[in-house]
Each structure stands twice: as structure tokens, then as C-alpha cells.
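Would you mind keeping the following structure in view while I ask a few things?
Labels run A, B and C following the written order; every chain starts at residue 1.
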Amino acid sequence: MFLYIVEMVGAFAAAISGIRLASMKRFDWFGAYIVGLVTALGGGTLRDVLLDIPVFWTRSWDYFAVTGISMSVVIAFQKQLVRRLNMLLVFDAVGLAMFTVIGVEKTLAIGLPMWVAIAMGLITGAFGGVLRDILINEEPLIFRKDIYAMACLLGGVAYGVVMAFGGNAVACGVACAVVTLTVRVLALRFGWHLPMMHPDDDGE
Amino acid sequence: MFLYIVEMVGAFAAAISGIRLASMKRFDWFGAYIVGLVTALGGGTLRDVLLDIPVFWTRSWDYFAVTGISMSVVIAFQKQLVRRLNMLLVFDAVGLAMFTVIGVEKTLAIGLPMWVAIAMGLITGAFGGVLRDILINEEPLIFRKDIYAMACLLGGVAYGVVMAFGGNAVACGVACAVVTLTVRVLALRFGWHLPMMHPDDDGE
Amino acid sequence: MFLYIVEMVGAFAAAISGIRLASMKRFDWFGAYIVGLVTALGGGTLRDVLLDIPVFWTRSWDYFAVTGISMSVVIAFQKQLVRRLNMLLVFDAVGLAMFTVIGVEKTLAIGLPMWVAIAMGLITGAFGGVLRDILINEEPLIFRKDIYAMACLLGGVAYGVVMAFGGNAVACGVACAVVTLTVRVLALRFGWHLPMMHPDDDGE
């Protein structure tokens, strides 16, 4: 139950980020809702399609409801939201950690190896934002801005390390979530970036 | 048989819309054909992948043939097409209605609940256009312009309402198609729009 | 074993093309790696999802490793790469031919008809580049520039023709690869293009 609430908080924050970006592009209400929804459930959907397991949101409409709440909050409290960006970023980081754990565990549950599970944790956590950016026709932010997907990757590795040392599922999950969350929050706090690629020498 | 012809008319109109947009971007013949094809069958393909049922166009090449006809029509009769835009929009609305019904029925046929069926009706009807806009690198039109996906949504709801009152499959399908078509045509005729999101207060 | 090396050379060249385009957009290292990876395995992934067979890269991490090599090569030898563009283009054409054969054969292996196999050969060969261009937010190159997907298409047709004349799998595969490679290399050498669509008369 606690984990379910954490997941919904993450979905709420993800949907808000999608709806706010859609607002800046002057999408209509429907478009903004869809962009919010895709941000929240796109990563998990891509994971389920790649793993060939039933797409999770066909089993329960909670992501649709949470996106509706996000939508109402953006419309009613837009000004106040701007002042609470830090809170939203923390919610988003919590969701990132939770989504990563879910992605890793779903993959291991169907018997695939650890490195696939790490890839699926990353896809679950970070690809909702990639699909969002494709829908609003922008270059995906996570490919250019601070540490985001890298936090999922390190969280997934932490899961594998604890498992290799004989930790049970709870210990693995906690390690994964703590590492993902910590890396993401520290990256935000200290403005960590990955090195950029240099096109200059490229001659084109 | 009648329904099959209606479906092909819808595919024809959808492919035309994709090919014309690709023409404006100066794609080559192959690129324009692919964009037309994806507009016509993209929504149904996404639906089948999400439902984990065989992708419909691997069973018959009729969508490929219809897109070929659309292609020939655009190349040969481009000037005349511009004068018949209203007819194309009506064909497109007919296709939207038909696609929505197919999406709803395919979902109910595998035992998923009504709200998933409504979502899949909307995806079948409206996401071909979203994939088209992603391919030609534009912001998806349906997120900004008049009532399009909303017509599918209301049509799907009409299906559910008639079913809840004990209507048989034919009555449900007719209600769904009539509502989708009517809403879409009225929206075009009277320029109905959904409210837009406002970025102004957003501070970014 | 020989075929496996050819496939990896193709993946290497595809990943390089993705990483170089990501560099021009100033993506960070992680983003460039993902774009390279999607270019290399995106076509095959889409094929496997559409065919509803297990996604090939969940069975072996060789594409992930090859993309890592491509990444190192781009970072370490960027200047030299520009002088060896012709070699890269030949590698890429070799990969295109190999990917097309794999796509055709995987489709026939699950009992689908020849025309679906040709479509899947084309998707395997050419859609990695489409997904790459969607990720970096550009109009897909293959829809506007020289003969690329058309080479896969003709290669697939060659496969079908040899099969219709009673050729065994090896003969079919060789014919497909030779045609794809030849068409692609000749198109590059002589600057062959498909006719472009004309928007002028379009009135919009």
C-alpha cells in the first residue's frame, strides 16, 4: 500500500511535467492530458511491449485518474506550482526511483537476465520523458540535461550488486530506490552533468 | 462487405492526408507513401501491439493497396484535390467513425473492460495522425486543432452507454459511429475548439 | 560466424551514424550512446514487436557492446572518421543488406507471407534510421535523401523471386544481400534519387 502511494506520487509528478510543457506549446486540454498521461505511463508501456507482457494500464485506470488530478492542479494552481518547483522535482525523483525498481523487478520476474532488467528499469524510469518530448516535438531533454537516466542506470546496478551478494528482494529494491533517488537529488542540487559530445571537429 | 468498403474509404482519406503533408515537406515518393501508410494503419497497429494481438495488416495487404491508390490520386489530381477538400474531410470523418468502432470491438472481443475499449477506439481513430505528425516532425495537430480525438472519445462512450442499456453489438456500433461522425462534422462546420492551456502565468 | 561478424559490422556503422548526428546536436555521452543504440537495434526491435516474437536484444548484449565500441571510436578518432566517411558508408550498406536478409528470414520463419517479409526486411534495414531521426528531432533522412529503403525493398523482392524459382534459403539470402548492397552502393556512387513530391500546386 505504501509502495502504491509512492508510485502514484511519481505518476502525479510525471504527468504534471508533461502537462506544463504542453501548456507552453499552447496545446488544448485534451492534448495536454494526453501528453501528461504519456509522460506518466509511457516508460512502463514501452517496457511491457518490449517484454511482451500485458500492458500494465489495461488492468487498472489509476494512471488515468492521477493524470486527471494533475490536470486539475495545473489548471487551478498554475501560479502556485511555479513556486513549488522544488517540491515537484523531489516528487519526480521519488517516482523515478519507484519506476526503476518496478521495471527491474518485472523483468527479473519473467526470467530475463540482470542486464536486461537494468535496461528495463531505465526505460521505465526515463522513457516516459522521452516519449513526452517526441510528442511535443522537442529534442529529448534527458539526452542533454543533467543526470536523469544515469540515476536509473546506477540504481539498477545497485539492485544487481545487492542481489549478487545474496540480498533478498526487499534489500535489492531498497538499494535500487535509494541509489536512484540519491543520485538524482544530488545531481539536481549540485548541477551535475555528463560530458557533452563535441561536434566541432566533425567537419560538417 | 459494406463495412469493409467504409473502412477502405477511411483508409484512403487518411493516407491522402499523410501524403499531402509529406508533399509540403518535399519528401520523395517513397517517403510520402510511408507517411500515408502510417497515417492509415498506424493507429490500428499501435492498438494491436498494446493489446498483444496479431497486427492486423500482416493478414491482408489491402491498406498497402489503398495507400497506393491515394498516392496515385495525389500525384495525378493534386490541383483538383484542393477543390474537393470538403469531400476529403467527410471521408476522413467517416473513416474516423469506422476506425473507432473497430478499435472498441476488438478490445471488447478479448475481454478487456469498457474503459480500455474506449481508449483503444480513440487510439485506432486518432493516433495514425499523431504518428504521421511525428514522422514529418511537426507538433501533433490533434493536440492543438479542433475536435478530433474528442469525437472518438464520445463515440466510445456512446458505445458503452448503449451496451449498458442492453443494446446488441449492431446497435452499439451504430451509436458509436453516428456520435463520432456527428461530433466530428459539427466541429468542422462550426469550428468548435477545446479550451487551450495558458502558458503565460507559467513563469518560464 | 562470418554472418555474425557482418551483422556486427553493420551495427557498428549504424551506431556511428547515430552517435555522430547526436554529437552535432550537442547531446551528452549518455544521450549519444542511446541514439547510437537505437539506430543499431531500433529497426529489429520494431520488427520483433510487430511480429510478436521475443525482442532479439534481450537474448544477447552484443549490440550494447558494439555501440560502446562505436562510442569510443567517435570520441577518440573523430577527426580521422571524417576522412573515412566512404568506408563508413560501405560498412553501413553492408549492414543494410545483412539486416534486410535477417528481417525477411525471421518473418518467413513464423509462417507469414512473402510480402510481409519484404515489409519487415525494409523495417529492419531502414527504420533504425527513422527512429534515430525522431529522437534527434529531425525529419527522417530516408524520406528525402537518396535510395536507402528502396534498396531494402528491391533486396526483399529479389529474395522472393529466387524463392519462387525454387532457390534454397542460401541462394535467396545471397540474392537479397547482393541486390540490396549493389543498389545502395550504386545510388551513393551516382547520386540516384527518387522523384520528389511537389507541394506547389497544393494551394496551402
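By our rule, contacts are C-beta pairs under 8 Å (C-beta built on N, C-alpha and C of every residue); 3 or more make two chains touch, one makes a residue touch a chain.
These numbers come from a predicted model, not from an experiment.
Common neighbours of chain B and chain C (chains touching each): A. Comparing the contact residues of chain A and chain C by number shows a mostly separate set, under half of all numbers used being common to the two copies.
Averaging Cα coordinates per chain places chain A and chain C 29 Å apart. Residue numbers of chain C whose C-beta contacts span two or more other chains: 49, 52, 134, 137.
Residues 49-52, 112, 115-116, 119, 130, 133-134, 137-140, 142-144, 149-150, 193-199, 201-204 of chain A are the ones that touch chain C when the two sit in their complex. The touching residues of chain C, counted against chain A in their complex, run 19-20, 22-32, 34-35, 45, 49, 52, 54-55, 58, 61, 64, 74-75, 78-79, 82, 134-137.
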